Amino acid sequence: MNKVKDLEEITGYFRDNQSIMIGGFLCVGTPELLVDALVKKGVRDLTIIGNDTGYPDRGIGKLIVSGQTKKAIVSHIGTNKETGRLMNTGELEVDLVPQGTLAERIRSAGAGLGGFLTPTGVGTIVEEGKQTLTIDGKKYLLELPLKADIALLKAWKADKLGNLVYRRAARNFNPLMAFSAELVIVEAEEIVEVGELDQDEVVTPGTLVDIIVKA
Amino acid sequence: MNKVKDLEEITGYFRDNQSIMIGGFLCVGTPELLVDALVKKGVRDLTIIGNDTGYPDRGIGKLIVSGQTKKAIVSHIGTNKETGRLMNTGELEVDLVPQGTLAERIRSAGAGLGGFLTPTGVGTIVEEGKQTLTIDGKKYLLELPLKADIALLKAWKADKLGNLVYRRAARNFNPLMAFSAELVIVEAEEIVEVGELDQDEVVTPGTLVDIIVKA
Amino acid sequence: MSDRRELIVKRVAAFFNEGDLVNLGIGMPTMVANYIPPEANVMLQSENGFIGIGPSPEPGTEDKDTVNAGGIPATIIPGGACFDSATSFALIRGGHVDATVLGALEVDEAGNLANWVVPGKLVPGMGGAMDLVTGAKKVIIAMEHTTKDGSPKILKKCTLPLTAVNAVDYIVTELGVMEVTSDGILLTEIAPGVTVEEIQSKTEAKLIISDNLKTM
Amino acid sequence: MSDRRELIVKRVAAFFNEGDLVNLGIGMPTMVANYIPPEANVMLQSENGFIGIGPSPEPGTEDKDTVNAGGIPATIIPGGACFDSATSFALIRGGHVDATVLGALEVDEAGNLANWVVPGKLVPGMGGAMDLVTGAKKVIIAMEHTTKDGSPKILKKCTLPLTAVNAVDYIVTELGVMEVTSDGILLTEIAPGVTVEEIQSKTEAKLIISDNLKTM
């Protein structure tokens, strides 16, 4: 059971029309090599799920500029003007989701929940089209789980079973997405032997990880 | 801002009729000294929330045997015959909750959610009295958040700001309960200086912890 | 362990694929661990908060913080991982556990399962069982085919309070291996020396006999 | 920093209690950090995943993995803690953040806030703002009292798309400090040299003047 693969091997998993979650927050904790591989493969009509659309030349931004993205489900697009432009011309569908709701929707899918009730967005345009429930006199939006075909993640260290450790603010959405995609591919800065990570230190259990690529 | 206190000082926080969450799974990760202090104080009509009711002479079990508990919200009572006996005589109300639902209800309260949808318990007695929702043709129970007045937790190491680290299976419900009670009291095996725990290693941020007692 | 129990747990172990994450219930299911070949790289989950249950600790080497879901001293192998209870059940409910093995009081044709309330006894609580049978990809029941007094446990319709509806995938007993299908219970394997008539006579549900019935 | 901005951020910093967890928005709110006395032990949260924002790193010592929520290189102080985005927003939504400080385009008498869609500009997305103003115990708006062309920003009713309903607790501008109450906006402090008439003339909402009006 060897999960460590070369970057070239992973491109075979990419197809048109896939939904792809990508870790990172303004490119910190984003697997740039995996994104580059996706750009190179040239598959189209992708649905991209991530915190933001990065910068035009970095992170998820590259997949916006390349025109491969049909829809982006993100909390923020302000650092990539191309996203706003393509949204306005109708070439790109952008679903803006409050950051906490986005994180929780991804977690929810990975945890086998059917959805959750959040007060965030009540009385705003985020409420539009959503079911609301009132619990103990307080109104909540019913938000639904969000999953993907593939998750592209970045880790600091991975052991060969796929147990992952992250550093500082590079953790962000990565551990959540590891639960919520059919195929989980990780770009790790360092690949270590099984047993080198203490069991208490592991953030993402290796069982969730399918493929590891060396950054 | 000194969070480290003597065991004697904490008993002043205990009152009749409080709801109290207690960490641990069959007494592993249960703060035995804090439970002893609660038994000694002798407050009554408590609602106890935890994974199980431990053993008659250990963990939460002591609070059942002492007769201080009015209601127990737990997933399992099989290791403490006294719980079953008091339940049958009507002296103790026991609310049995599937373990995953219990964990998620506690997390939900701490995360400011109004509830969540779970498939667990559909078609069983757990469904009784609960609202159900069908999402994409699948039926879910709406489960509501569960919070408490006080959480009594056990940690392996605490720094003086209350940042916590756990060991092995002693983690269990402790990190969840840290989010979900008004007052969070931790029994730590070791109390270290601020800076001794790496920021990536911390599981429970110190901001959630009010009081630390040396085990 | 009796021969009939050994037959059951050996057969259950053969259900796992390489790299599977498996949760074994208390009792006979726990013994399945002894029959999983090491080269299968199967990882065992303990719902109290870790992956990687190892061999029981030598007496005197027990670690107070490392117990299994039954509260019994355990070990965690290298490559394992520890987590909190919400994460543990995110793994379980989220379909990340490939198989769970549990005992049963009753199973029925619709895959309904009753295994948490024993009639006439104190109710122990469902613990993690309801989440496990709802969330695991494969739910395998490992049990003796009938009760001690010989009454069928595989029924047309469960009579005890349910643990979950339409949750069971496979049933392994000392008499055979059965699969719960949308048409009913399909007998796919039969124990050596057992006849189809014998197993049917000990089963309330009407068994569908596989065209490809094998010896267990 | 202009004197008026300094007046605002200094006053905002005085809102915090010892040991508070505080989230500061991008822009002027970020500058509040410079006026929090170290002895207050206030911890700053960065919603991208940590508690304990420290001073900006010296040039050349930046760490690629440590940035604030604006993507700018940051440091994490000893005693800080890192976590994933779901945990970060559990802290925020769950009421564990004692105060959040943000700018605003419009605030109204009901405490409604509009600060995420600028008319005529590309929509940047709400990021974490909606969760922050919904979840934080105290929502403090730090802003200049009027728009650049002198139009009021404190209105009877917001006209722009809302960030949250009934969420704002305090408004601090270069002219005064206001509290949103169930009766409307209460002026509690006024900047030196400013008259009640002046501040009202620059405010569309009718200000309630505190019986105990202080100098800011």
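Think of it as A, B, C and D in the order they're written, each chain with its own count starting at 1.
Operating definition for what follows: a residue touches a chain if its C-beta (ideal position, glycine included) is under 8 Å from a C-beta of that chain, and two chains touch if they have at least 3 such contacts.
This is a predicted model, so every value here is computed, not measured.
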| item | value |
| --- | --- |
| Chain D and chain A - chains in contact with each | B |
| Selected interface, A-C versus B-C, where C-beta contact pairs are more numerous | B-C |
| Centroid distance [mean C-alpha coordinates] between chain D and chain C, Å | 55 |
| Distance between the centres, which are taken as Cα means, of chain C and chain B, whole angstrom | 29 |
| Chain B and chain D, separation of their C-alpha mean positions in angstrom | 34 |
| Shared-contact residues (touching 2 or more other chains) in chain C | 50, 76, 82-83, 86, 89, 92-93, 134-135 |
| Per-residue overlap in chain A, given as positions that touch at least 2 other chains | 104, 107, 111-113, 118-119, 166-168, 171, 199-200 |
| Which chain pairs touch, all of them | A-B, A-C, A-D, B-C, B-D |
| Parts of chain B lying in touch with chain C, wherever the complex brings them together | 25-29, 51-52, 74-79, 81, 84-85, 87-88, 96, 98-104, 106-107, 118-126, 156, 166-176, 203 |
| Complex contacts: residues of chain A adjacent to chain C | 1, 107, 109-113, 159, 161, 163, 179, 194-195, 199-200, 202, 204-208 |
| Residues on chain C engaged by chain B in the complex (per definition of touch) | 46-50, 63-67, 69-71, 74, 76, 82-86, 88-89, 92-93, 112, 122-131, 134-135, 161-166 |
| Chain B-touching residues of chain D, taken from the complex the two chains share | 18-19, 21, 41, 43, 50-52, 76, 78-83, 86, 89-96, 134-135 |
| Parts of chain A lying in touch with chain B, wherever the complex brings them together | 104, 108, 111-119, 133, 135, 138, 140, 142, 144, 165-168, 171, 199-201 |
